[in-house]
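Listed below are the structures to be examined.
Two complexes, one shared chain (chain A), two partners (chain B, chain C).
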Partner chain A sequence: MGYVFPNELEINWGLFIVLYPYLTGLVAGAFIVSSLYHVFRISSLKPVSRLALIAALAVLLVAPMTLISHLGQPLRALNMLWTPSPTSAMAGFGYIYSFYLIIVLLEIWFMYRKDLVKFAAIKDGWTGKFYNLLTLGAKDVSEKALHIDHKVVGILAIIGIPSAAFLHGYVGFIFGAIKANPWWSTPLMPVIFLLSAIVSGIALLIVIFEVTCWIRRVKIDFECMMAMNKYLWVFLILAFVLEILEIIFIGYEGKEEWPAIKGLIFEVIPVTFFGVQIAGMVLAFFLLLASRKKNISQFAARIMTFVSGGAILLSVLAMRFNVVIGGQLVSKSLVGYTKFHIPIWEEGIIPTLIFLVLPFVLMTIMVKLLPPWLDEEPLAAVTVKRRRDFQAARGIEGEGAAEEIPTLWGRAASTLVFGKIFKEVE
Partner chain B sequence: MKEETLKVKTSNKAVEEHMKKVVPRRVFLTTACKMLAAGILAPMGSLAAILNSSFAGESGETSDWTRVWAGKEWGFIVDTEKCIGCARCVDACKQENQVPPDKEVFRTWVERYVETTQGVSIDSPNGGLDFEPLAETEEKQFFVPKLCNQCENPPCVQVCPVSATYRTGDGVILVDGKRCVGCRYCIQACPYGARFMHPKTHVADKCTWCYHRIAKGMRPACVTVCPVGARKFGNLRDLKDPVTQIIRKERVRGLKTDMGTKPQVFYLGLDEVVV
Partner chain C sequence: MIFDRGDKVTIRQEDGNPSAQAVFRIGVILVLAVVIFVIVRQMMIPASFGQYGRYRGNSISENASLNAAYAGSSNDCGECHQQEFMALAQAQHREIDCQSCHGPAAKHVSKPAVTSPIVQETAELCNSCHRQIAGRQDGKIVTVRPLLHSGGVNCTRCHNPHRPQLSFEGDKS
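Right after this comes the complex of A and B.
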């Protein structure tokens, strides 16, 4: 369509680079939800505060894989750490990412230290040894030590908020500072990226929370769900306003790039732009608004929140696509559009789907290792019964069977056993 | 043998290496200094400078390059009035610089503009190699050869995360293929579409004004083969150079000057519709 420079026939940043800002966005958003509880003491978010960090870590570990797989010379990836160019907006990535990873790992460790000590004490065999290793030898679980843990988590959460904002705002900067690309080049880009990140992170937690509660057959904490519902709505409005504002400005000023941008959104990417990105946000806006009405039942409100979460996850993914791919579809000649052929294998749809699923696989493993559930008492009540059934069914008796209990119940079981050990010590 | 003596002469490092073996205290001191420097400057990339011996070799050669660059500032003129769209330059460039001839990647290309009452149509089939001849009409038709503008303020150099792309002392932007990680950020940053990912080497590639030729006093391949003299290459520091003369006397302009890139390819007879 129109004229594109001969070198522009290839789309240089493909689906992996669409995924990268999407994944870091989820990380930043999930982390900020966790911090809303730890720093701003929004207690209604307590049930997801741990889950949020585990989710953030799982996604954070996958995010750089997309970048490294995309490089022409992946084996030289670490050159960005050894020989960074101070003028490059991209060169700081390794440092910012590593710093943030350390913050998240530390926060998780301090948050779980008490549990790690418990697990190390009650589990036999390699699992026990594994947890023992994870404690790093810090086995003091006195009131004083736990108080310090709690304080450290608070401090890390405070450091984490600007770090998360920086990690993702920085991704926006990488795009926003490219003057050669009229669809990217705007100072609003870091802010737009950050807000859409927060929105997608909250949406992710809503979906995970709902799904995990359903899998665990636990009654969902409605108050927590509605708190996330509220924050999603507020951040959604901010994100929407900024995204629309940017386009209105380009259109109203009507400079030389406007015809190219107008053609892009109305003719080249209307489906992903209006059909998914904008429609998803509008749908979520009205659903969230309606779900807070008094005459809506709890069940309906939950479903509406869940659907909004899903819609936002799709909408933000589409937004990343529209920015990353859309920006490259506009020729730098401003008089034509490149075509994007979605490949199957090489940086194509299949590895992209794998990268999208991988965080959830990691999340499942991590959740089994480090159960984030805080609804101990009801779970304990359920699992004691289940555990007895389990033992009766297998003809096993006594505490010796403890290590055979599936890890999902591990935490409840550990609370019981650990409680006994403590009583004996006392 | 001859080569060896040359190496010793040009590279002080070799002498130093020898000295280190003779004086143990010196070894200790240099190592200590290096470690201290590494400790302080590691994040700024000095670590690599110390670990990577080839880098030390390069710094030894810097003085040679300074001599090569002395008194030179290369400039390029494209005369759009003269270009006949034969695309011999495109062909020559591909052959000279190992740019795959069967792939849609170009260090230089030729665009054709046809202005009618309906508007402007632009094309550059296979970089200009596959132009279909147009009938002689009253319409305004012209060709515009394009290549890297070797900007004085290059956005590609600014964004490269590993300093693999840089501007030489005589004003040419080069890519160090051994250092490039292939992130393609420079391709995104170039407003002219002059960069591409090399399909074989998987690093960024671009026009170098045939640096391997100009460093030896030759002209770029595209300039050499142009049958009508539409491409001119010269030293802007030399006031008697024909290229400098043209820039000083004629009305020339660069492409997309509003980007603040300060392009060093100057066009004669550039129409406002040229993108």
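Right after this comes the complex of A and C.
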């Protein structure tokens, strides 16, 4: 189509580079939901505060896999940490990512420390030993210690917000700073990426929350769902306005690149741009708005919120595609477009789908290890014998009686009981 | 520990319960991790890194000491392969070095009997220049759509690559 230069025939940044900003965006968004509870004390989000962090960690672990697979030299991956170029935005990735990973891991550890100690005490064999290792020997679960944990989580969440914003803003920065590409080059890019990240993260949590409640057959916390609904709507408006404003601005300015960009969105990528990205946002906007009307039943409101979440997840994925691939389709000649063929295997549709499913596999494993549910009896996962023993230990009054249980776990369990383990932090 | 000062909590309480134990242990692990990272990083940075710029200085001498894989020029080939050399000198391909198609031939020049740089007869080689693609202007180079043009038959069946204008003397040299 039109005239393109010979070196523009190949689309170098393929589907994995589409996935990378998508996945980090989900991380940043999920983290910010958890921070809304921990930092801004929005208590209605408490039911998903732990789930949000587990989801963030699962996606965070998959995100660099896309980059490493794209580059195809995994053994050189760490060179970026050994000898980073100080003037390269891309080289900053290693440090920004590692810092953020540490923040998320620490926050999860402090949040779960009480549970880890509990599991270490009441679980059998290797599982118990594994939890014991995870506690790092810090088994003090007195009220004072838990209070400190709580404070540390708050501090980590405060550090985490700018880190999350930075991790994702920098992805937008890399695209926005490419001055030769009119579809990318705008200082607004980091902000656009950040807002769409928050939107996609909230949408992901809505979908996960709804699905996990359905799988676990528990009643969904409607207040929590509608709180996410509200935040999704607010951030959606901001994200939508910025994305549209950017294009209107280029159009109104009408500089020499406008015909090329107009052709791109109207002729080259109209399906993914208008059909998925814009339509998904508009659909979610109206569904979210309607779901909060008084005459809508709770069930209908839930379904509408869920559908909005799904629509947003698709819309943001399309937005990443339109930015990453769309930007490479426009020829530097500004009078032609390259074609993009989606391969099957090499950086193709199948590994892309695997990378999209992998976070959920990791999430399932993590949720089994560290149950994020706050509505469940914590002993449900323990074997019957241990549960009986533990409950017996709980029932026995007085220090002397508790010492009748000679096993190690018995002693630990009695410590837990007297340390008022089951009292919620708040 | 910063949290201790801020919260006015001592690490060891009066009853012997260390309530800031968790923060302390994580702090120790983090410090250890940073120290280990700094040490490992020092070990991993190549010795000559940064000698001339942000790359391994030794890589220059290493590359310089490699044996050249390519012979000097087409003239070296012409000393023995006069027929092909003369044909090529008058043909459209005259600006292309022999080794562009035949591959690096330094070994062959020094010991002709040991290796022979024969081109595997593959359409892929020709297509790397003659395939019709967007951005490759026809006229400067003759471009074709390979499958329509030959139906998969090897180019050298009809074209003599040293004198590629069609003359039905392919396969001869």
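Rule of thumb we're sticking to: the second predicted complex is superposed on the first by the 373 of 426 C-alpha atoms of A that agree within 3 Å, B and C clash if a C-alpha of one lies under 4 Å from a C-alpha of the other, contacts with A are read in each partner's own complex, and residues count from 1 in each chain.
By definition in this document, a residue touches a chain if its C-beta (ideal position, glycine included) is under 8 Å from a C-beta of that chain, and two chains touch if they have at least 3 such contacts.
Being a predicted model, the structure only gives us computed values, none of them experimental.
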Three-chain arrangement built on chain A, chain B and chain C clash or fit: clash
Touch check for A:Q298: first (chain B), second (chain C), both, or neither? neither
Given the touch rule stated above, what does A:W109 touch, chain B (first), chain C (second), both, or neither? second
With both complexes superposed on chain A, which partner does A:S85 reach: first (chain B), second (chain C), both or neither? both
One more residue to check, A:G137. First (chain B), second (chain C), both or neither? second
Going by the contact rule set out at the top, does A:L334 touch chain B (first), chain C (second), both, or neither? first
May I ask you to decide whether A:L9 touches chain B, chain C, both, or neither, giving the answer as first, second, both or neither? both
Could you look at A:S43 and tell me whether it touches chain B, chain C, both or neither (first, second, both, neither)? neither
When both complexes are superposed, which of chain B and chain C contacts more residues belonging to chain A? B
Identify the partner contact of A:V152: answer first if only chain B is touched, second if only chain C is, both if each is, neither if none is. second
What part of chain A is shared between its chain B contacts and its chain C contacts? 3-6, 8-9, 82-83, 85
Mind listing the chain B positions that touch chain A in their complex? 43-45, 47-48, 104-106, 109, 111, 120-124, 126-127, 146, 155, 157-163, 179-185, 187-197, 202-204, 259-260, 275
What residues of chain C sit close enough to touch chain A in their complex? 3, 7, 9, 13, 17-26, 29-30, 37, 41, 44-46, 49, 54, 133-136
In the complex, go through chain A and note every residue touching chain C. 1, 3-6, 8-9, 78, 81-83, 85, 102, 106, 109-110, 113, 136-140, 142, 144-145, 148-149, 151-152, 155, 336, 338
Name, in rising order, each residue of chain A that touches chain B in their complex. 2-10, 12-13, 70-73, 76-77, 79-80, 82-91, 93, 95, 174, 178-181, 328, 331-335
